[in-house]
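Next come the structures, one after another.
Two complexes follow with chain A in common, the first pairing it with chain B and the second with chain C.
Let's look at the complex of A and B:
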């Protein structure tokens, strides 16, 4: 992540040198904001967190999933992560190991506790629903800079903050989105609101992120993420708990053996 | 002595309260319906009809040292209305885990899975099949083992010492899904003079490289698959000593997944040529978000070969498995698999359907159908030709 960030800065510097005194384009400004966001999120090394996911259909019926997440930051590549499923009870003990790779397809293994089987699965399923929720796999995966092209649209107030509004267009294969519009607060570069447009460019979903907390004096994380699907009327709320940074996880905690023994 | 016991319970209490003991598992009721009367010699008198059964599979887990030490205990109990052989209990797992640097140790009764194929688990040999549970070969008995696992940049090396052998379970006289002759599990014949106390050894190297996942394994010990030889109106299981070398290989390429498993087995008896090779290989192609929905539709094709042909101890000597798998990716995690095994020599086929769906938060309903059609007398499945069944299972998870 860091190396890509530096590369992007160098590229940006070269571009600005070449353009000389000319004003910065909307694309440059968009990329600049994305780089600033990425920089602020670099260097966390590893983190663990618990996620409670509440799915709600149009009739108001609710269904809850409990998931624990462990992430390891990888320099020069996408992050490694393990998701452990605790609820619903029939999938308790199921775990997923992901090596994300920016534009290249991710490597993904699923551990099935009933069979004690580790199964390599295809990561093509980026646009599919995560655990039947309104979040797609691509919404929750490691957000590398090179996964999108960026464009600054405007500045405007967003709730209590002043925000940059930027548009992202996925550069990776198999995305379910034509474009994504994000509201980023100018003070701390936190995503406040995200709108997703489907491949036909119709507005599909809106994500509202709130209840932000700062960890180890540096990393801002939302405690509440609310995704609403405008086309189906369904929604999913993610509540994040027990955020812990720099817990001492290493590469050895993110391999197939670790996936098999994890609880 | 009393003080000692008190101290022990106190220690247990404190370790339990500081690092909670986790209890989970399921209770399942199962109803099977057999539309045909069995082909049967000997005592069995019952005909077509249904059979009720219950199972209980709890799991107790306790870890400490940040998960580097753990104890797991998972017993299994089944009660079956008709078959006294299917009414059985087992300890699926009772072992201790020790993680130390690059090494991981597992001591006790354990379960291990090897392989990549869906329709047959050819290289998977550590655990004995609990075949009274289901004919898909995915239920296994707990195996006594000392397992050492070494993780390195070049892959994972697993070493196994397996003291003690578990006999395969077979349906009893009043059970279904059996051959016309009952298997006499009371009088197995072992090639090893140590019988079921023979110590087996296994080694496996596995690694992931880019899109490839590869495993190489070797097993020396008592074969998990018995040869069934007729004596009177019974079949006697013969367990031979073997040396089996296996390879499993998978390439994961976006919508295509290519799979191969193959074994070469050397029989340790001096007389007769019983060595053989077998393989299963094929692909899985997935249409992600098929028909503009959230569903994934997968197409599976796997070819089976065994060079013993008619003498094979498995029915898959020259067979093709084709199936469609649908995952709706909905809130209830609804899934369906419908497939068929076709014997390319004789043209007989068996159909298989599996479907399941979660109900509410803690219930799950599973349906299964197995049909045997047009089976040739030369096919191993001929013995099962009247054993079509429909099964419904309702599980409660805690």
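Let's look at the complex of A and C:
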């Protein structure tokens, strides 16, 4: 009996060693999934969309913002994008131009119509709230592969789909997160749910993405993104409308001068 | 009937002992569910308007529960590479504190400045060990000129600096505050080891919360054993009977265990006030035993057998013990009128304990005495001879005593208005609690734990950017800065001014509020975009940007000062900005109001208790007149005690506002014993009022003196509590009981003789 037990353990050990040598590690699998996701999202060239952002605090008070987004895909670096703020009234016409980079601080310019000037913001911070919402700037900016290290955790069903669950650890020193766990559906590589953990590794926020639509037969975009902060009880909902791909935007629509002209 | 009962108790003595042990065990096992509350909010009922206002504010903005570390360099200068390195590390470590959501320090202060058309936003201190002397000087200048930092995060002379950590406890578990405090202590210890050139002190709401169970536990370790000692020694000295002392100890231990166990079963959470219940119960319980044992031993000295003595003692004492227990319980139960739940708990636990003590005294105690061997020496003791002389003295001098006492009573009452309301909640803890000493040091060197918050409403979405609104907010902040009580004002207008300057190439002439609304809003948007995680504006601005929070930090102030300051602020708002009139909210404001609220609610409680107790007395004594006369010795002690307090201390707060009601039930006991003996003398022996007084002195005098002295000693033990609410309550109660003793012997008899003098 005793000998049999030891024998079994040894056999198990050998099998697992052999399996470990052949199969990929969880890190490799995680990276693979991230690459697959990234590939499915490249080549769209440019897009525009409208966003309605609804903020809610613990008491239930609400506040709404309207933003138009224009994005230009950049090969080999982060995307360039312009956000134009339409509501609330006081910031109407304010526009922000961002050249996002992987591990370097992004370049950011803001056109202030009240001052009729473009101001460059120099800051390493990407973790602050985007317009007072529960979305950090880093949650919304383009997700370059090198921004994180990846690890596949498990597969599990998520709602109507089968999902990969992967963990991302930010490589950017000034990130607000210790780690991020995403549920990615296996069929179309769409993020269904994302959990954010703060720097002390407590669960901070959960993002639920739904109402997915496919554009130009290839690119999936969520129509509804709901972010809930578990620590403060606040939440933010983003509703996306009017997605348009390949509208003919070019480099010259994404510079300081273009920013000033934008309406 | 009582006789039959007494014989039955003696016969079934063993069964009673075992059954009692079973019941005690069952009830006491509830003790496992007892836990210590560690949230100052337990002092406020859910309907408390100041609490509601504060919770409302906390729901709109970031919460205020915090830990504040103060770093004091031994060299006296914060801006050195090593000290700054300690600040940077402490700031980093603080993000690891459980439930932390925001950390503010001089190192992570988001310094903004202009360079051409660039707005640069960065930590004020980065990599301090690489800084040159000039850079250090420049950082120091920036910090000491930043209104957001001075007197909050950095002292004016740069000899102390703070790291403020805001935590948001989910409130699922009472261990949360403890967890946070333990983690913070670890960080403090690590920093002090790594940087021997600095001292670190800690204060904040979380640590205050955590000091509550600490104070309770300290009390449990010192007060409860001490009060046992006092009561046991006192009972033995007086009874001179080992068996009697054992019986007494059993009664007080069991009634305390049963009451605390019942509190556990009922789900009561322990607070420092509730933790004074064991001391009170054992002090009150001892009186029942003493009355029973005195009569029993007295009968035995007269030659009765032990069992006959037990029967006789029960016959004489059953009713008075029942009456005094009921009235004491009523007094304590009326603490339920208190606005502060910990005092309701104290009242309920003690009332239960008093009733358990009654049952034990008439059931377990006679049974135990029937079992234990009891020896008595037949002698007339010195004390009863003293009582006879005392009675003669009182009867002889009755006129002088009556008018003398009346004069003292009136004089004392005249001093009652000298009492001023004061609840300085930091001073609830004495210097043996670390929280208190550290808080005092922080208040002395850096900033205060007291604050008042206002949510100023603009009345429209995005209205905080309205220049008119901002101007008024700024004026309000300026007004507050001019008040001598103010240490720091945290207001959004300072940020607007700084941004306006930055947007105009750092031209100091532009350090003023932006004049256009859209421009102000755009500055704010720009600034928000550049902030890191946890340093957002939600601590100052609501989601709709329609209201802003202005937070005023104050020195440690008395209730009176806070209420006055609040009134002045309200008057300023009424006159200068009536559209944004609002009341301030904060724990300081809550504690400033609670004394008064509690006094008002306890007044109702006292009246109800008084009516109930007087009715019980009228029925029990079968005399409306005696019920009414009893009001005098029942009410006067508290009046005199508050007069004496007004003369010598002059400050009353939350704890003392419950004393009148609480002592009412206790002092009534002396009256009950005295009047019932007096009436027995009149009714059974047909004595005139003078002889009835003699009879009462002789029969109950010694017992009353002894029980009162024990009560006084027991409540004086409470004055050693680490928690000021308990020590004040103990002292005033002891004074009241002492006065009651004097009134019962010096005034009540003379009053009775005056009113009934004509009766033959």
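One rule holds for everything that comes next: the second predicted complex is superposed on the first by the 241 of 263 C-alpha atoms of A that agree within 3 Å, B and C clash if a C-alpha of one lies under 4 Å from a C-alpha of the other, contacts with A are read in each partner's own complex, and residues count from 1 in each chain.
Criterion: a contact is a pair of C-beta atoms (placed from the backbone, for glycine too) under 8 Å apart; a residue touches a chain by one contact, two chains touch by 3 or more.
It should be emphasised that the depicted structure is a prediction, and the values quoted were computed from it without experimental measurement.
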Fit or clash - chain C, chain B, common chain A: clash
Which of chain B and chain C A:107 touches, first, second, both or neither: first
Touched partner set for A:91, first chain B, second chain C, both or neither: both
Touched partner set for A:154, first chain B, second chain C, both or neither: neither
Chain A residues touched - chain C or chain B, whichever exceeds: C
Chain B versus chain C as contact partner of A:255, first or second or both or neither: first
Touched partner set for A:120, first chain B, second chain C, both or neither: both
Superposition clash, chain B versus chain C, among 7-15, 115-123 or 205-213: 115-123
Chain B/chain C common contact set on chain A: 55, 57, 63, 88-92, 115, 117-122, 124-125, 127-129, 132, 174, 176
Complex interface listing, chain C residues touching chain A: 56, 59-60, 62, 95-101, 115, 117-122, 168, 170, 461-462, 465, 503, 514, 516-523, 525-526, 528-538, 541-545
Partner chain C, residues of chain A touching it in the complex: 55-59, 61-63, 85, 88-92, 94, 96, 108, 110, 112-115, 117-125, 127-132, 136-137, 174, 176, 198-200, 202, 231-232, 234
Parts of chain B lying in touch with chain A, wherever the complex brings them together: 22, 24, 26, 61, 63, 67, 70, 97, 99, 102, 104, 111-113, 116, 138, 149, 151, 156, 206, 208, 213, 250, 252-255, 257, 286, 288-289, 294, 296, 329-333, 358, 361-362, 364, 395, 397-398
Complex interface listing, chain A residues touching chain B: 55, 57, 63-64, 87-93, 105, 107, 109, 115-122, 124-125, 127-129, 132, 174, 176, 252, 255-257, 261-263
